[in-house]
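Can you keep this structure in mind? I'll have questions shortly.
Per-chain residue numbering starts at 1, and chain names A, B, C and D are given in the order in which the chains are listed.
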Amino acid sequence: MTDENWLRTSVGTSDADSITVMGRDVAGELMGNVTLTELAFLVVRRRLPSEGEARMLDAVLVSLADHGLTPTVLAARLTFTGAPESLQGAIASGLLGSGSVFLGVVEDTARFLGAILEGETSDLAAAAREALAEHPGRVPGLGHPIHKVEDPRTPRLYAIAEETGTLGPHLRLLREVAAAHGRGLPINGAGVAGAALADLGFRAELLRGFALLARTAGLLGHLAEEMDRPLGMPLYREVDERAEYEPPPRES
Amino acid sequence: MTDENWLRTSVGTSDADSITVMGRDVAGELMGNVTLTELAFLVVRRRLPSEGEARMLDAVLVSLADHGLTPTVLAARLTFTGAPESLQGAIASGLLGSGSVFLGVVEDTARFLGAILEGETSDLAAAAREALAEHPGRVPGLGHPIHKVEDPRTPRLYAIAEETGTLGPHLRLLREVAAAHGRGLPINGAGVAGAALADLGFRAELLRGFALLARTAGLLGHLAEEMDRPLGMPLYREVDERAEYEPPPRES
Amino acid sequence: MTDENWLRTSVGTSDADSITVMGRDVAGELMGNVTLTELAFLVVRRRLPSEGEARMLDAVLVSLADHGLTPTVLAARLTFTGAPESLQGAIASGLLGSGSVFLGVVEDTARFLGAILEGETSDLAAAAREALAEHPGRVPGLGHPIHKVEDPRTPRLYAIAEETGTLGPHLRLLREVAAAHGRGLPINGAGVAGAALADLGFRAELLRGFALLARTAGLLGHLAEEMDRPLGMPLYREVDERAEYEPPPRES
Amino acid sequence: MTDENWLRTSVGTSDADSITVMGRDVAGELMGNVTLTELAFLVVRRRLPSEGEARMLDAVLVSLADHGLTPTVLAARLTFTGAPESLQGAIASGLLGSGSVFLGVVEDTARFLGAILEGETSDLAAAAREALAEHPGRVPGLGHPIHKVEDPRTPRLYAIAEETGTLGPHLRLLREVAAAHGRGLPINGAGVAGAALADLGFRAELLRGFALLARTAGLLGHLAEEMDRPLGMPLYREVDERAEYEPPPRES
């Protein structure tokens, strides 16, 4: 059942004289010519992005990179407190909380839009209304606990999509969904990021990976700061002092 | 002993109307204008890079992003095999092996050069000779198991450093060290990356973090490929079939 | 909405003279008197297990601890290859693949049985038949790719459950489900472990945690072995040599 | 250079009829007869422990399992906040901070004592004095920030070692070291655990692994509690509200 020829890859290889990534010579073709973002696009889409696609992907990544002292950042900094010699452990710890609660929206929005786009979509507004009628209740990508009126990333990402020629069906449809929903809920940054990544051609299963790449950059900043003015140890000390201990009832 | 004012950060924050990273408005100033690489520089160095610095940092990151089916990539793909629903776990697993064996050289080279640069360095060649005389034995940053004659990344990175005006004391000194060593060992890609990152102003303790950022991009490619043509499961099956079981001697 | 009194715990605390876990003095009451397994039961169920419960829980943990060179074990050993100085990273890497593919069955079986047990269950055989009629297709806990006729752990765990007086409704029902299914599929070790853990009073969301505890013990053995006769590096070398590189088609 | 016969293991294997760990049939010999602690001893030492060794190892593990809301526990709970569907991620995150700062003492103490024991040790008190004279400054295993007079685990572990006949050279020497040091610093729980594990025959490189096993049990309790009364989200909210944002000076 397994493909006989399973031990193969297109991502990268190296020999005595060269290192190759996606069929391109790393030293001769890629270094100095492409950004890390373009490389990430290349290894996933198996082709280099256009200038517009690269700018759009960077805009999405920058929008996702950091939101301050979030639970995942705190986990990374607290992990660094105990194991400063293993930066990889602190970063891994900071990525592991990037699960359904905070990043689910990116993927859920892409999936929701993708399912609608598989049907008849000559009239996006009608398709949006129909989808909302079929799925009453919470719509992925709409509403934000802090940015209640407008998520500042949303209009900016739409503007960049226009400028770069990457405004695709997912982004267009998401705008129709928000309009059809009609309760003033703003399109949130995670939702618009999901739609934008889907328009860049990435499958829903992988979208979280781009958020993780972006957050790794943000975590570098937090860990650099943690080295200079630690927050993990005083946070632990305060929690330890303030925490009330409640022994469970004794049965035996 | 703890700073009373420990609960503060410069990295990021957000309120109802805006998201801020390192004092810059994410939507208004950063999105569409900076790359993820420039953002990573910003959050660590607390200022945006020049165009030359950004290009140099991208070149370093691209040089570190992927080297094919390495142990860390295999760990990520095998983790995905068991938990495909948690991409963050596969990426974390792929980062956790980025420790002393493969990435130590990046930091060791930067530290070795940094220690020399703290002394008298009006004559770099002399400083290199002196350091080698004091530290006989293996020199961090020299030699490579595969690229025995020349690591293709090394001359390219020096060329980009020249072009971008980022050829600093660490890179200059590393070249003198290789010359003074005089046994034909090439400067390896990890060593030159370490020197380049040090010249970009990053401290040794954080250099590994940039390698981790680069590798996260590479891992996205491997996990995208793993979704289409899995390597983890057949690798496990082959190992399981071929492995010889050796029970230990029974004492009791 | 948040409980004002959120900063509290029953698990553990310490002061100048004592360390307390679940209301018990660690030095005076627990050390020397309870096993790690009994402690794990205590911190989750908030009471110590009976002798029978402890023996049953140990039997379940022992059944889950190791199955040779599985994908998660390989991930741990490959991670150790790159970062031998961070044992915590290798173990974390070995746990991260414990997701839906291999451990899902433990939880799925417990949930499937638990849902049936919420209904009318005066006649377990009838309840099993009814549930199978309602859920045609694959039944969690039945069938195994290697142990096609009988999973050796299953009869043993039922026997220990009888001996220890811990044969509860989940285990009883699972037996009826297998009988009602009637296609000769054996109850697998993961399924019986899930039912047994549910009968010990652990909720479905936490069952995976016990498998992770068991596997951590198994990983210690693999990492001890890896220190003496490494498997990670030669595995990587063989993969690297045998892997075929397939560059993607060039578009530009 | 690589052993030709590298693809082998003694830890575990399975075939259609049986599962084997360290040469023992899991269903027939181990389940119902050994605890998880005994299994952990077996896979590392390649033999089952005596009753006394098992009791001693359990006592050490119980002493290390939980110390309340420590940085690693907070990291685990904050990771669970974002990814409750991946318990393995929360536990991995909780293990990753088990590095040099908190667990280093366990290993450092074992190494310090082991190095002394390699020399002349007919008179342990003299050997201790000599070692302290040679290594002035901080002695691993002595002193504790909270348990300033006596760590409650220390006398208990020595008593259990006496009772179980496992009081070996590392534990004896550690007592002499504390006496020779003579400044009233108590032997701390991590130090005595390190000495005890060394006396049980585990090498220094692996000691951290036993602490990780113990902490996994403790983490189960914290994550069970987190499911019922979450601490991660309110902790984040409070941090987010209280944190002061300090933008860096703008250069451009």
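Assume a contact is a pair of C-beta atoms (placed from the backbone, for glycine too) under 8 Å apart; a residue touches a chain by one contact, two chains touch by 3 or more.
Treat the numbers as computed from the prediction; the structure is a model and nothing was measured.
The pair with more inter-chain C-beta contacts, choosing from A-C and C-D, is C-D.
Same-residue interface: subunit A and subunit D share over half of the residue numbers found at their contact. In this assembly, the C-alpha centroid of subunit C lies 22 Å from the C-alpha centroid of subunit D. The distance from the centre of subunit A to the centre of subunit D, with each centre set as the mean of the Cα atoms, comes to 36 Å. Per-chain CA centroids place subunit A at a distance of 30 Å from subunit C.
Residue numbers of subunit A whose C-beta contacts span two or more other chains: 7-10, 13, 22, 68-69, 83-86, 88-89, 92-93, 96-99, 233, 235, 239, 243, 245. Against subunit B, in their complex, subunit C makes its touches with residues 68-72, 74-76, 78-86, 89-90, 92-93, 96-103, 232-233, 235-236, 239-240, 243, 245.
Put simply, subunit C touches subunit A in their complex at residues 5, 7-10, 13, 20, 22-23, 46-48, 83, 85-86, 88-89, 92, 96, 239, 242-248, 250-252. Remark: subunit C residues 2-3, 6-19, 21-22, 25-28, 30-32, 34-37, 39-40, 42-44, 55, 58-59, 61-63, 65-69, 73, 84, 86-89, 91-93, 95-99, 103, 146-150, 152-153, 155-157, 159-160, 163, 189, 203, 205-206, 208-210, 212-214, 216-225, 227, 229-231, 233-235, 237 touch subunit D in the complex.
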